[in-house]
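Look at the two complexes coming up: subunit A is in both, with subunit B in one and subunit C in the other.
Moving on, here comes the complex of A and B:
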């Protein structure tokens, strides 16, 4: 019983904060709400005994991705004071996509017959995960890490190429109105 | 349900003992700093100034709570609370003795790192919500700094994990009490890993020489510029708690935790934690502040490559030295 109360609470947190992410006007707030969503998702993982996944989720997504998004917002958007406006122009399409995805997922969950009974699932520990990633599937793991490395180097190359040809003195003077206090 | 009761008991115990240590710690730091600078430190309030922290707290709590007119009110209020919460979080998985641990998680080390990564959010939120240029700059610097230093921190923390073969902090300590403390043996990569951990911990808790988010000589007071009274106290406390919990983590991961000669137990863990805590202040009152670019240089060009090398060495040690695990 207490497990389902806990699930309800965490799930409600996840859904509500996700709603805030797309509805809040201020982009920085939206990015912080995204952090809440990701923490709540990590809570769901922890409740499903996937504690390693929960830890990695917080470490990488909350500590990494959402912070990166905040940085992206601050560096790329022009903002006056504390409000970074979010311009959402595709509301109806978004609602349509969300409802459609929910319908597909819900039907596939309901149609799956094995979910009726309680099935005992072995808890996956970090040890299991490590063994399966670095022993059983080591080739796939290394290929993925190589791919990520290529992506990182590619990103650096793209970012540097844009810098070429722009001399220091040609850079525009810093904008005065960036943060008005 | 008993898990909840157990957790609540330990939470109360840990928080109250941390608060007590911080109160004494403030007095100790002021005395210590005074001695290092050839002065006496606090002497007026109470015997040898012992009641100074109390006077400080009363003074700070009396102050008016000023909120800037155009501040982001909700975030401004929330940030100090979150800072204290996240800096306390890691204490949950640190075992202080074989029995005294709030939650001995299977993924203890990962939990510590994850909670540490969260600290970025209140720091940034405070800088942003203050609507002050100095605070915003401080916030940006803080985020850049802790995101960068998280990389070597994660890597060196993997050294004890690899050497002991477990991420449960209590198992790492047990392994050390059965073999050697990791800071002592294997001396390479153990000792350099411990040194790197200490440096990264200083940077993560924004202590001198890594206190550029505060940098009072260039940024007024960085993220805490607009904070007054009780909220300022919370930030101040969060910084102390972060340092203290970081010291406890270092003591458990590298210095053998509760293990020690004569009688192993809680007292050794407390002693080691406090020694590391003192070392932080020793460094703080000895060194000058780095510049932002020096900080990034140190992290990405020195610490990260060394940390990667240490992880390799640890793996090689486990693989090739007979009886290593």
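Moving on, here comes the complex of A and C:
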């Protein structure tokens, strides 16, 4: 009983903060609400007996990704104001798409009787995870590490300041002095 | 708290992410919404790693999948933010409607 109350509370936190993420005007606030959603999800992971994943989620997502997002907002903001406005298209199409998708997914989940018979398996500890990561699935592990390396190199190559090659279009006034030949 | 509850919560989070992707105009806001969707998918992986459907064949290493998809998402964020910075440097703004040169 108390577990379901806790689940309901954390789920409500996650959904509410996710709604704030997509609706709030200020982009920095959106990134911070994303952090709240990610922390709530980490709580869910802990409830699902995935404590190692919960820790990784807090370290990597809350500490890494949302901070990176805030950096991105700060770097690419206009110089003329403190608040970064996030424009959204108004109109019912987005709502229709999201509600329709949720309706389809929820009905298909509810209509699947096999899900009700699901039983909890024994807890997967970090020890099991590490063993299967480095013994059974070591090839996938290495491929992922290679992919991370490639992604980092690609990000550096993309974001590097180039003195030629990238054309500049309609630069805003405050950045005009940075135009290089 | 059962498997169905977790799956319905994950679909709600995913739908909210879809709404954000469809309605936001700023590239970073769209990236944040994509994060929401990836997070929901991860929740599904972990829920299926915790609960076992009787008709399932073999062990489902849900947490392992979730770990890999975490790493992939971080790589995606790094490349995506680099693209945002490139867009800002080229156009001076980060609205998605600006980068429409391939249209014409």
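Here is the rule we use: the second predicted complex is superposed on the first by the 151 of 181 C-alpha atoms of A that agree within 3 Å, B and C clash if a C-alpha of one lies under 4 Å from a C-alpha of the other, contacts with A are read in each partner's own complex, and residues count from 1 in each chain.
The criterion applied here is as follows: a contact is a pair of C-beta atoms (placed from the backbone, for glycine too) under 8 Å apart; a residue touches a chain by one contact, two chains touch by 3 or more.
Keep in mind that what you see is a predicted model, and the values were worked out from it rather than measured.
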Partners on subunit A (subunit B, subunit C) - clash or fit: fit
First, second, both or neither for A:110, with subunit B first and subunit C second: second
Subunit B versus subunit C as contact partner of A:129, first or second or both or neither: second
A:144 touches, of subunit B and subunit C: first, second, both or neither? second
Touching partner for A:35 - first (subunit B), second (subunit C), both, neither: first
Subunit A residues touched by each partner, larger count belonging to subunit B or subunit C: C
First, second, both or neither for A:44, with subunit B first and subunit C second: second
First (subunit B), second (subunit C), both or neither touched by A:64: both
First (subunit B), second (subunit C), both or neither touched by A:55: first
Partner chain(s) touched by A:3 [first = subunit B, second = subunit C, both, neither]: second
Contacts of A:74 with subunit B and subunit C, given as first, second, both or neither: first
Minimum C-alpha separation between subunit B and subunit C after superposing on chain A, in Å: 14
Subunit B and subunit C contact sites that coincide on subunit A, given as residue numbers: 52, 56, 64, 71
Subunit C-facing residues of subunit A, complex: 3-4, 7, 11, 14-15, 18-19, 21-22, 27, 30-31, 34, 37-38, 41, 44-45, 47-50, 52-53, 56-57, 60-61, 64-65, 68-69, 71-73, 75-76, 78, 84, 86-90, 93-95, 97-99, 101-102, 105-106, 109-110, 114-121, 124, 129, 132-133, 137, 140, 144, 147-148, 151-152, 154-156, 158-159, 161, 166-172, 175
List of subunit C residues in touch with subunit A within their complex: 1-9, 11-20, 22-26, 28-29, 31-33, 35-36, 39, 42-43, 46-47, 49-55, 61, 63-64, 66-68, 70-79, 81-86, 88-95, 98
Residues of subunit A touching subunit B in the complex: 2, 28-29, 32, 35, 51-52, 54-56, 58-59, 62-64, 66-67, 70-71, 74, 81-82, 125-126, 179, 181
For the subunit B and subunit A complex, residues of the former touching the latter: 1, 70-72, 75, 105-107, 110-111, 113-118, 120-121, 124-125, 128-129, 131-133, 136, 140, 143, 147, 150, 154, 167
